[in-house]
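Next come two complexes built around subunit A: one with subunit B, the other with subunit C.
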Partner chain A sequence: MSSSATRPRRSRRRRAFSRGDRLTLSIFVGIPTLLHVVLVWIPAILTILLSFTYWTGINFGDITWAGLANYDNIVTKTPAFYDALRNNVIWLLWFGFLATPAGVLLAYQIDRQIRGHKLYQSAYYLPVVLSLAVTGIIWNFMLRPDGFVNGVLGRDIDNAISFFGNYDINIYVIMVMASWRHIGYIMLLYLAGLKAIDPTLREAAAIDGATEWATFRKIILPAMRPVNIIVIVITIIESLRAFDMVYVIYGTSAGLPILGILVFQNIAGEGASMKGAAYAVILFVLSIGPIIAYLRQQFREDVS
Partner chain B sequence: MTPLRDSQVLKDRAISIFIGAFAMLWVFPILWTLWSSFRPYKEIRARGTFSMPEEFGIFNYTDAISRMQLPTYLWNSFIITIPAVFLTLVFGSLIAFVVSRYSFKFNVGMLLLFTAGNLLPAQLVFIPVFKLYLNIGDVVGDRRFLYDSPWGVVLIHVAFQMGFATFVLSSYMKTIPKEISESALVDGASVLRHYWNVMLPLLRPPLASLAVLMTTWIYNDFFWALVLMSTDKKRPITSALGRLQGEFVTDYNLLAAGAIIAALPTLIVFFVLRKQFVSGLTLGSTKG
Partner chain C sequence: MSGNTSPIRGSDLGFKMTRRELFIGAAGLAGAGALLAACGGDKAVGPLSFGARTVDESPTKQLKALVAAYEAKTGNSVTYNATESNAFQNNLSQYLQGTPDDAFQWMAGFRMQFFADQGLLVDLSDVWDKIGDQYSESYKIASTGLDGKQYFVPQSWYPWGLHFRKSMLSELGIDPDGIYNWDDFMKMLDGMKSKGLIGFAAGDKGGWEAMGTFDMLNARINGYQYHVDLLAGREKWTDPRTAEVFKYWEMLVPYMNDNVLDLEWDGAMQLLLQRKAGAMLMGSWFGGNFKEQSDADYEDLWIIPFPEINPEHKRDTIDAPIDGYCVAKNGSNNDGGKDFLAFAGDMEGVQAMLDTGVPMTSANKGQDTSSYDAFQTQQLAVMAEAKYITQFLDRDTRPDFAGPVVGPAFQSWFKNPKDVNKILESLQAQWDALPPL
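Showing the complex of A and B:
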């Protein structure tokens, strides 16, 4: 793109635009860009500004400068923030060390075309297309007091394990549900990348007598670098932004505080305050790293 | 060599059985929900979770359709999802077309703007969008012009998802030889014809994949319809399920039937259009 050979052609082409073409081009670019900027970028910037103000979200005249007060309130006076942070960190660790690696290994085995791989692939992929609302209902069937799991454990409704109500275990119960979907998603992404790997690499490794594990670690993983980055980024972003599944199970009540729910509680409905904006900004700041990593990966060729 | 092979065969069999066992565990919750949806809840309460069915049939489904008014909610989902997917693809392909076929200085910047915008958290933009919708409503004299209207939800989906579509389509267009465009320009084709007659036909495969992927995403979206709509009867089925769950908590098996009905469109994607869904996902993750 930066080579000088394209320069003359570019200017020739630009001169070739008729007035009609110029109009068409500005409409082609203008309308989508306007919509995107007005509904995404400007609101994002405004939310960041609003997070430094006091406002009930009704009259613009009532906005007053608050400085860091909203953030101070969150950090020093809101214990739920730390509970949420803890849960999001558990979420991230669980996804990062269990669900995502499981999805990757699964993709690797299925790509080797082990017996039954087609059927298995479909089974793991099925939850990916379901909405989190449906997923919530399905798992409620398994885990509620008179559900399947309590039935298998031989507990009747009076001494059933409360999987969603017990604060010591409910985050892990939610993690199992979230992994149910996440593993299949990662598997699909990774499988696509694996298909692009030269099969002779693997054959050569097999002839050299490399074990499966060594082949995976020394040949497949390095060759999959771009996909690895995408998968890591997706894992982090999904862990930070988790919302739907917890909302479906608990509503807005503090059944299981996570950042996504705290933002929602403070911005939606009657109790809107700019503390919600501050929460949203915190959520955003935490995900800036992964966003930049993703963009760098995807735009490497364009920028250099 | 041979003993190594043999041990590998054995190992592969073990791996296959292990993954297969988990695969059964994976589909089991869905099958259990499906099974339960054909049974009355009172029978389960009376005779236990694992009782053999006495009554078995589609009564929960007919009940769900009439008592939960699922057709209304399904219809709401369609009138949000279909225009949103359509507009996303139109806008995404327009930007991708200009960025990849005409060399302007701002090309990379534009692509970055759209791709990064797609990654911003929804919560970060909600408050101003909500205010904007209400104010536009006041200006046109109808408070529910965008807020609490399917169009408001459509627009925010389009604004967000356009970023992904633009990114995917422009990477695809980079793989289409420039000569095709050049010959169109030599023939004196206008920009409009260049887009409509030359590029669009070539974009069919990624457009099909994106359409399937976007349909699933937008249909399954929960957040926007929840916060930008206040009238429950206007909500799409995914968001409505949350409230129905509270209302029908006393009849779980009815709810199961409702969930299966709500999942039907995405299950069709799973069984019929899986190729497009998967390739749509991949288009975004691995370039080209």
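Showing the complex of A and C:
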């Protein structure tokens, strides 16, 4: 109903731009756009194109068309791909059902100023200032065979608990490490949102006799919708793009295959092949797909 | 770059050259004397930079001594840049295409030939004209690219063999020279096990360590030619002969530490250093690490060839990788890089490294082997027994196969040795899916 009314108004406003305005605008919009296109879109599109070729990444003349061969190789011949997929799914589920809710819960409790909330807040916030690579280094010191934990348990390297080398548990060890930081990150985001909620909403709910849980579910959660969207998107992205921490601990070996590592393993070093590009495209589609779908649904709800 | 038109044939040739002819008779290292040809010493080449692919204590000491000796001799200043070796390897393509150091540390064989073929390395033929007579022919072959020119200056080599502590064996009453074949070896492992020790220290967290074990088992069971052909794709991973290798490997598993996939090579070395393990199959480069610990530990260290399995092949093959240097074409001072390598390859440069006291088996004929300590002399003996010399699995086969495919496959085998047939089928399928070179 509003489209016919807004259109003429918008065009009238555009005519009112002075030359200076237009110059400013084109600079402020143009330069970031240019950078975005050059640094994000062109490499992305080139990666997609290269994923259909064979190339060692050095001389342009060596590029040969491979069709779907790289994808076929990954999907039908590379067991590591399915191991990686499994690990990324575990990562996503763990973050989605444990770490992220834990962060939200923590933020909620801290916002209610439970006893010792300042301590919790700083304790959980601290890991967030560390990069994932540093997190990995710290935990590696703790858990490696000659590390702190095995030392405290009085175990030498010949009978050390194998935190990273036991393939049945290592993904969960990594999940604990990643959560250590992720919980604080989500807590921080959520806390910022909670501070912005009008306290009278909560008081009103309390006066109406709503339980804590009902208040959270019926009042806080809906009021926090914009933050929720960010939190969900971040959870998905963090789970799929995971790389740094695993790389710090395992390098490019397949000690814990995840998609991010497979991309790097196949595109870095002497073994460079466009199989790595194909992994990157798969990872890109997996990350962008659910996010676009989710955001579209959210925005559609907003419009209606 | 003309080789690109017939790449498959080109690389095949590379395999034949590196492996068949690759310093057969390299044991002729022994020739002492014949030192010092005219060395580099061009004073006008200006400042240059050198990229080391190690941050470990002992080799850093050696390389810094080399750089200092070069600076003192020529007055050219050298910027020393060190990178951890895995990181260096992973970034090498980008490094060489960007703004690399003028001279850098690298490895001989396929890995050097690949980058030479891509036009990223400087032809060092004129450096070889200066220092060539200080090296046996086999090293020159290992330094030569597919186009017949040299792109590499050797620094040192080390044999892969069975390392142990002499004192631990004598406690068991075993004579190291008595360990010749598989049965002797098993007897030693049982002896270690009965004393509650780990028999065979192993680590494969890095994904490459176990390749040495595969190399040696395959060469002992199926022979040099089969091993070389397998790595070049002329034999199949699904061949029952390949499966046989894993049968023997599985026999070793009960004697290994439980946390193979949690230890890197240095973790396995710690097991030996701390007397928790009886033997370890590894390259002898880690002698320096023992020496860092104490001279007594170093003197206790010993190496013998990996035991014979199939009498037909005796102990005739050994992995003996050569490390050395290259000059990067995209470096800012190619002449400087060459001048530095002419010095590093010359006995004068080698001597500067040896003077640090860190043990090194130099590739240079001029190194006085009479000054070798007992462990180094034994390395020569181990080398001399071998008729065929290979580099190492990840230097002898395609890089896009060794790292991303073979490494993870061996790791998954450690996870469950019963999966061997599935793993071998997958290896073959992934070899078949490789792009043509």
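FYI, the second predicted complex is superposed on the first by the 240 of 304 C-alpha atoms of A that agree within 3 Å, B and C clash if a C-alpha of one lies under 4 Å from a C-alpha of the other, contacts with A are read in each partner's own complex, and residues count from 1 in each chain.
We adopt the following convention: contacts are C-beta pairs under 8 Å (C-beta built on N, C-alpha and C of every residue); 3 or more make two chains touch, one makes a residue touch a chain.
Please read these numbers as outputs of a predicted model, since none were measured by experiment.
Colleague: Could you tell me if A:20 is touching subunit B, subunit C, both of them or neither one (first, second, both, neither)?
Modeller: first
Colleague: Just checking: does A:265 make contact with subunit B only, subunit C only, both, or neither of them? Give me first, second, both or neither.
Modeller: In the superposition, A:265 contacts subunit C only.
Colleague: Scan A:57 for contacts with subunit B and subunit C and give back first, second, both or neither.
Modeller: both
Colleague: For A:96 in the superposed arrangement: first (subunit B), second (subunit C), both or neither?
Modeller: In the superposed model, A:96 contacts neither subunit B nor subunit C.
Colleague: Please tell me which partner, subunit B or subunit C, touches more residues of subunit A.
Modeller: Higher number of touched subunit A residues: B.
Colleague: Of the two partner chains, subunit B (first) and subunit C (second), which one does A:145 touch, if any: first, second, both, or neither?
Modeller: In the superposition, A:145 contacts subunit C only.
Colleague: Based on the superposed arrangement, let me know which partner A:33 touches: subunit B (first), subunit C (second), both, or neither?
Modeller: first
Colleague: Identify the residues of subunit A that lie in both the subunit B contact region and the subunit C contact region.
Modeller: 57, 144, 146, 251, 264, 268, 272
Colleague: Which part of subunit B faces subunit A closely enough to touch in the complex?
Modeller: 4, 8, 11-13, 15-16, 19-20, 23-24, 26-27, 29-30, 32-33, 36, 44-45, 48-50, 91-92, 94-95, 97-98, 102-103, 107-108, 110-117, 119-121, 123-132, 155-156, 158-160, 162-163, 166-167, 185, 190-192, 195, 216, 219-223, 226-227, 238-239, 241-242, 245-246, 252, 255-256, 258-259, 262-263, 266-267, 269-270, 274, 277-279, 281-282, 285-287
Colleague: Along subunit A, where are the residues that touch subunit C in the complex?
Modeller: 54, 56-59, 61-62, 64, 66, 69, 72-73, 77-80, 144-146, 156-160, 162-167, 250-255, 257, 262, 264-266, 268-273, 275
Colleague: Please give the residue numbers of subunit C that touch subunit A in the complex, ascending.
Modeller: Contacts found on subunit C: 1, 4, 86, 89-94, 97, 111, 114-115, 118-120, 198, 205-208, 257-263, 267, 270-271, 274, 276-277, 398-404, 407-408, 411-412, 415, 426, 429-430, 433, 435-436.
Colleague: What part of subunit A is in contact with subunit B in the complex they form?
Modeller: Within the complex, subunit A contacts subunit B at residues 1, 6, 10, 13, 16-18, 20-21, 24-25, 28-29, 31-33, 35-44, 46-48, 50, 57, 106, 109-110, 112, 114-116, 119-120, 122-127, 129-134, 136-142, 144, 146-148, 150-151, 180, 184, 188-189, 192-193, 196, 209, 212, 226-227, 230-231, 237, 240-241, 243-244, 247-248, 251, 260, 263-264, 267-268, 272, 276-277, 279-281, 283-284, 287, 291, 294-295, 298-299, 301-303.
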